[in-house]
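Structures incoming, each one as structure tokens.
Next come two complexes built around chain A: one with chain B, the other with chain C.
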Partner chain A sequence: MSVFWIALFATLAGTVIASLLACLPGLHIYNVMGALVLAIIALADTQWAIAPEIYLPMMAAMIVGWSMVNTIPAVLLGTPDESAMFTVLPGQKYLMDGRGFEGTMITAVGGLAGAFFLILVVAPFAPRYLPVSQEVLKGHMHWVLWIIITFMLMSEWPKGGNRGPAGWAKFYDAWKTLLAGLATFFLAGLLGFIILTRSPVSHEVAFQNIMPAFVGLFAIPWCLLNIISAADMPKQTVTKSLAVNGDIILRSVWSGSLGGGLAAYFPIVTGGVGGMLAGHATAQRDERIFIMGQGVSKFIYFVGSFILMFVPGLHLTRGGGAWMAKTLYTPSGISDYYLILGSIAVASAVAYLLMEPLTKLTLKFISRYNYRHVSSVALAIIILMVWGITGWIGVFIMAVGTGIGLLPVLFGSRRLNCLGILLFPIACNMSGFGETITGWLGLT
Partner chain B sequence: MKGFSHFMSGVAVASFGPWAIEAAQQGNPIFFILGGACGILPDTIDFKFYRFFYEHDVYITPDPLNPDPQYVANEFARAVALAVDEKRYVRVKLVSVRLGADFWQQYSVKIDNEKLEVQVKFGPVVNTGQVPVKGTEDRYPTVATAKLKAKVIQTYDAALKVDIFDGPTIGFKPMDNGDLDLEFLPWHREWSHSLTVGAILGVLLGAVAWWASGWTMAWQVFVTIAACYGVHVVEDQLGHMGSNIFYPLTKNRTPGLHWMHSGDGLPNFLAVWISCLFIFWNLYRGVPKPTYHFSFIHLMMVGLVIPGLIFWGLRKLLTLGQNVQMKKGDDADDEWNESKAAG
Partner chain C sequence: MSNDKQALPGHETQSHEMNCINCGRFVGAVSKCPYCGAKVEKRMSLVAVRWAAVLLATIGLFLLYLMAKYREIPVVKLGDVTPTMNFAQIRIEGQAQSDARTFRNGGMGFTVSDGTGVIMVFMSPKQAKDLAASDRVPKAGDKVNFAGGLSVAEDEASVRLISTKDFQITRAPAAAVRLANITDAMVGKSIVIAGKVVDVFPPPANTKRPYALKIQDDSGEQTVNFWQSEYDQIQGKDVLNGAYVRLRVSVDTYQDKIQLKLAAGGDLEILDGPPTEAYSSPGKKAAATYAKKKATAATPARDFSRGRSVQSNSLSVSEVTTALDGKTVRVRGRVDSVKPPQEGTKQPFAVMLKDKDAALRVTYWSAVDEVIPVKPTPGTLFEMEGVVEVYQDTPQLKVKSGYKVKLVDDAPASAPAVDVSRAVPVSSITAANKGETRVVQGTLGVPRALRGGVAYTLTDDSGSIDLVLWESLVPTDVLGALAEGVKVAVSGEVGEYEGQLQLKADRGYSAMVIP
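== the complex of A and B ==
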């Protein structure tokens, strides 16, 4: 069989597997890819060794399928990962308005638009311009992280202090949410220092060491909130038209590619942060542009960061997928770049076509069962998954993460502050004083 | 302008200091953090500190259990009468009506100067995302009115709509002709939005820097803070509301140039993007032995002009024959309502 057909089948298989797995709440594709990498390494010197022409397109397709289809559990089951945080709030509005299908499909159109933008606009220019920007920016990543942290913490709106006479009581009431936000950020940062310096998770699953904390910080609080406060799910309607046009798609690509591009290019800046910054930068008022833009952003964040590794002359490793692929293979030229771009194009089309049936299937599922029960099942799957991959110690880390992740829920502060788990320790490390802090904490 | 535009402008201004690039190359991010923080600081002072200590003469607090538009109209008229009778500045707080963890009763206040009356109507219940809850739109059809003792002139068309989180403050300022000038959010862009305050802050933190690291650090900190704080004031002057530029030497806001509204998408994006390009250029100038060489014009063409023209052309093509109506914003309303909605 020729390499073309091998790569094509690997791409199709990767897309279908990832799209189906993406419907499971709480399961990140990087967890599955981690297991895949372990299997590839184990088979490396045997007669069953898997060739790069199989696993590279498959990995690219898995990232594409997941980044597109993962909108379904994020919006319909209320179990977002960090990168979907911004999509979920307006997405759930659509769900509670009986328009869950529409919200999910608009995000998917965003994903497809992101694929077009990435392949037709970014990819041809990337080998020429990205090495230039890398040369200029390479010594400055640390302060970019610091200014992102500064903006995140300074831009939160005080939710209280709305009533009563002027004075300290009013000020304190307002600042309760902001203080909770700061506490969330720094507690998550502390947890990050511990996990990144002395992870209690077994070294055999070391690449999953941050996963239980992320699940605890982001997915579990959503599930708990859904279980406690779930309103009755209104009857969902499946529309024939999404009421979007070329102009809306163009403006979504504009805002979403900015957010996703930032997140893909700068280390530790995640899709959620990129989405927040792009939302502030482009100041779009149309809700459809916002939702679609988040679809673009999420796609470019996950897929774009993977592509960076293959850009000739750049070889920048960003994102979990690229780091895992790098343990197996070092890209060597333009042919690898084209292989990955081709796989992404095919996978994007297939994943988009799978979106509609999978969304309808999920809607059928949640209409048949009580939403509270659906959330309970989602919660059980998530906990079992964490336990299965990282054992009881992972469950413990997840519980700690949940405690911190519940702070924003209880005080009404920004959930994005939970990203302190990565931003704070990594920014400290990149600026060169991370070790001083871990020394104070008795970790080194 | 929006917070992020101010923030990025601050970072861009900071990047013009060669000391900022030098420090960053040695792992010290302080000047860039100062730049961004001072760029957004005037709004932070207003929205997160000052407004909670701002005294009001009249608090209009509707009862959540029995929302009565007539009460709001009467209290509003009373505040106007107070300003007219006592010939003084009167500050009024329109308090929001919270109905539950995520629900707020919206109401609006409209001034009709021809009939010399205020009209108040309770609208739908909205959630914290400002989305109306279905079935609540027409619960309170009554429009309550009350006669006003003087005309109330609005210099910018901020809608007096009250819904999520905090309600707005308005000030009635007696004018020579007997009318009242309505100031929306009088505590905003007052003393905090002033070049003098930026300079004073620079001197104070510069003194701390002098004590900690000596004279060189002191003036670098002063220049960074004063310039980055100042760029916020300058940018706000491009809008309608203006700022109190030289407080305490000036007492009132100087009206803006009316070139844009603070929430408009394009000017905000351009501010952010051009700031990024300036930062990139300044960082490039700091690269010791660059492999790639390009001019400022080249950077602007590749980074701004060509993609901008392509985007503009595509939009033209995609909206051919359509009547595209952009929702116009309003300085004060944008900063107030959209900041709240952004969380």
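== the complex of A and C ==
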């Protein structure tokens, strides 16, 4: 069989697998890819060794399929990953208005628009301009990170304290969310210092040592909250058209690509942070642009960061997917770049086509089964996965992460603050004083 | 809840605490309505969860912190490193295979072997500074024990030092040796030398050349090279010229000549007077013998990336034959040509290494080229490590890692560019020849150190002329070969200084010692 057909089948398989897995709330594709990497390494010296022509397009397709289809649990089950957090409020609003299907499909259209933007606009120019920009920017990343952190913390606004008599009660009311945000950021930062300096996870599976903390910070709090709050889902309507037009799509691509692009290019900056920055920069007020822009942003963040590794002359490793692929393969030349771009284009089309039936299927499923039970099953799967890969130590880290991840949810501050787990220690390390802080903490 | 506003359409089926009591909108778990700001009463369960979360976050984090703080970082054999260990924090106990070298950004790196594999260790500029300040910069042969963060990518692995605090180092024993007794057999080892500093040549401005310290003992003379960073660390460097010193240096080769390298300023000690210590005490002799035996008996280090035996010394180009097919070797040669891949193709980089008449084709992929710190250019001397492959009965070298492509010398290898047949008598040079190039040959007089160079009086049968050699123009190894009483041929430009004619040596290998 020629390489073309091998790559095509691998792409299709990766897309279908990822699209199905993406419907499970709380399950991140990077965790699945971690298991895939383990399998590839185990088979490397056997007759069943998997060739790069199979696993590279499959990995690309898995990232594409997941970043597109994961909108379903994010909107319908309220279990978004960090990068989809902005979609949640408007998305939940759509869900509560019985328009969950429409909200999901608008986000998917955003993902498809993101794929077009990435393949037709970014990819042709990337080999020429990105290496140059990287050369210029690489010495400046640390202060860019600090500016982003400062903006993130300072743009959290007080949500109370504007009514009632003056006094400590009013002061606490005003500062409650801000303090919760700051506490979340610094507690997550401390957790990050511990994990990045002296991770208790076994060194044998160190490539997944941050995973339990991420699951705890982002996935578990939503499952728990769904179980506790037990909101009932109103009857959902499946429509045959979406209330979007070309203007909305273009404006969504503008804001979403900016956010996703920032997140993909700058180290540690994730889709959520990129989305926040782009949201402030482009100031798009339309709810539909907001939802669709998040679809674009999420796609460009996950898929774009993976592509960067294959851009000739750049080979930048950004995002968990690229780091995992790098342990298996070092891209070389334009051929690999075309392979990845082709796989992404095919996977995007297939994933979008799968969106509609999968959304309908999920709606049918959650109308039949109790929302609380679905969340309970998702929670069990997530805990089992963490235990299976990292053992009881991982479960303990996940529990601590859950405590921190629940703070912003329960106190009404931004969940983005949980990203302090990476932003804070890595900004310190890049600025040259990370070791001083770990020294103060007695970790080094 | 009798005053609760009726839920908006579509929100009726929600639990009443999920909707705002004031505007009727769905608000979920928050206690203040994001739309109208009204306080939303929650049942006890959410309040309990809220404070349970705070408790879990703080107590759990503290326990995790204690656990991490008191946990021993596992010692891992380099041969056991697998890709799933990427990002792991591991402890390495091994022996430095090379002197630590300083990078342009001030960071440092060295290779370490633990008998099962070899790995590159990187340090940040701050860590490099800390180690230099505490005289713990690793040198070849030193035993080291440290914790590092592992980075594994395809067939390459490296470690980033976590902290200098627990970086433990045991210096390899170094034998005291007379300068005349330094031989090729000592290459790769550390030795102690002592003597009087005859001269110190700082590197010319805007060049990458090292400092050259000329040292003399009763047996002979040698030049010790080091960089600005090491010079800055030397205590009492202002009185170095003419001082008696003791140094611990590593022996290396440069252009087939012995080169002594000072790895840290702390390894140079200024003595109060001539060294009185016996050069080889029985204890030091024993230590040196032990080190020699151990080096002979030790099994060859295993190259981490390939898992095959690597020769510790590099081969010349002509020594790479088809018999080495499949073997990992280190080859040293001059770069004859560099052919990058054509755009749009998946070709590798192709470099031709030459050594006299022998040639060797070296190939590597673009990804490898990315990490080569100093790219090969025609004329430069490089050392490359890779696997020998045979193509059409001709051996070629396939390099798998950019870290295995190292610049040895960036000066083109040219035979001394002095055509002795063009030599003219010194007395024939007059003021009318100012600005013209002349070749002379004669005997050098007493050297006079200049700021950025050295001057000699060159005498032949017809007369004398001042010969000026600037370090910015003449390579260090040429300068190092010159001394009082040495007969030389020099090509230079005629000039005048304070009414005296002088000959300014041309750029490059313009002075040649005549046997």
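The rule is simple: the second predicted complex is superposed on the first by the 437 of 444 C-alpha atoms of A that agree within 3 Å, B and C clash if a C-alpha of one lies under 4 Å from a C-alpha of the other, contacts with A are read in each partner's own complex, and residues count from 1 in each chain.
Keep in mind that, in the parts below, a contact is a pair of C-beta atoms (placed from the backbone, for glycine too) under 8 Å apart; a residue touches a chain by one contact, two chains touch by 3 or more.
This structure is a prediction, so every number in the text was calculated from the model and none was measured.
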Both complexes share chain A, so when I overlay them there, do chain B and chain C fit or clash?
clash
In the superposed model, which partner reaches more residues of chain A, chain B or chain C?
C
Output check: A:Gly342 vs chain B and chain C. Expected answer is one of first, second, both, neither. What do you get?
neither
May I ask you to decide whether A:Gly432 touches chain B, chain C, both, or neither, giving the answer as first, second, both or neither?
both
Scan A:Gly246 for contacts with chain B and chain C and give back first, second, both or neither.
first
For A:Leu443, using the defined touch cut-off, is the partner it touches chain B, chain C, both, or neither? Pick first, second, both or neither.
second
May I ask you to decide whether A:Ile334 touches chain B, chain C, both, or neither, giving the answer as first, second, both or neither?
second
Between chain B (first) and chain C (second), which, if any, makes contact with A:His203: first, second, both or neither?
second
Quick check for you: in the superposed arrangement, does A:Leu407 touch first (chain B), second (chain C), both or neither?
second
Return first, second, both or neither, reflecting whether A:Gly391 touches chain B, chain C, both chains, or no partner chain.
neither
Which chain A residues come up in both lists, the one for chain B and the one for chain C?
89, 93, 97, 159, 162-163, 432
Residue set of chain A touching chain C in the complex reads 37-38, 41, 89, 92-93, 96-98, 159-160, 162-163, 187, 190-191, 194, 196-200, 203-207, 209-210, 224-225, 228-232, 234, 312-313, 315, 323, 326-335, 396-397, 399-400, 402-404, 406-407, 409-412, 432, 435, 438-439, 441-444
Chain A - residues contacting chain B, complex:
89-90, 93, 97, 129, 131-133, 135-137, 139-140, 142-143, 146-147, 150-151, 154-159, 161-163, 165-167, 170-171, 174-175, 178, 245-247, 250-251, 254, 277, 279-285, 414, 430-432
For chain C, which residues count as touching chain A in their complex?
10-11, 13-15, 18, 26, 28-32, 34, 37, 45-46, 49-50, 53-58, 60-61, 63-65, 67-69, 71, 73-74, 76, 82-90, 124-127, 147, 149-150, 152-155, 162-166, 341, 343-348, 365-367, 370
Under the touch definition given earlier, write down the residues of chain B that touch chain A in their complex.
2-5, 7-8, 11, 24-25, 27-29, 32-33, 36-37, 40, 44, 47-49, 52-56, 59, 61, 95-96, 98, 127, 129, 131, 134, 165-167, 263-265, 268-269, 272-273, 280, 283-284, 287, 290-292, 294, 302, 311, 314-315, 318-319, 322, 324, 327, 338-340, 342-343
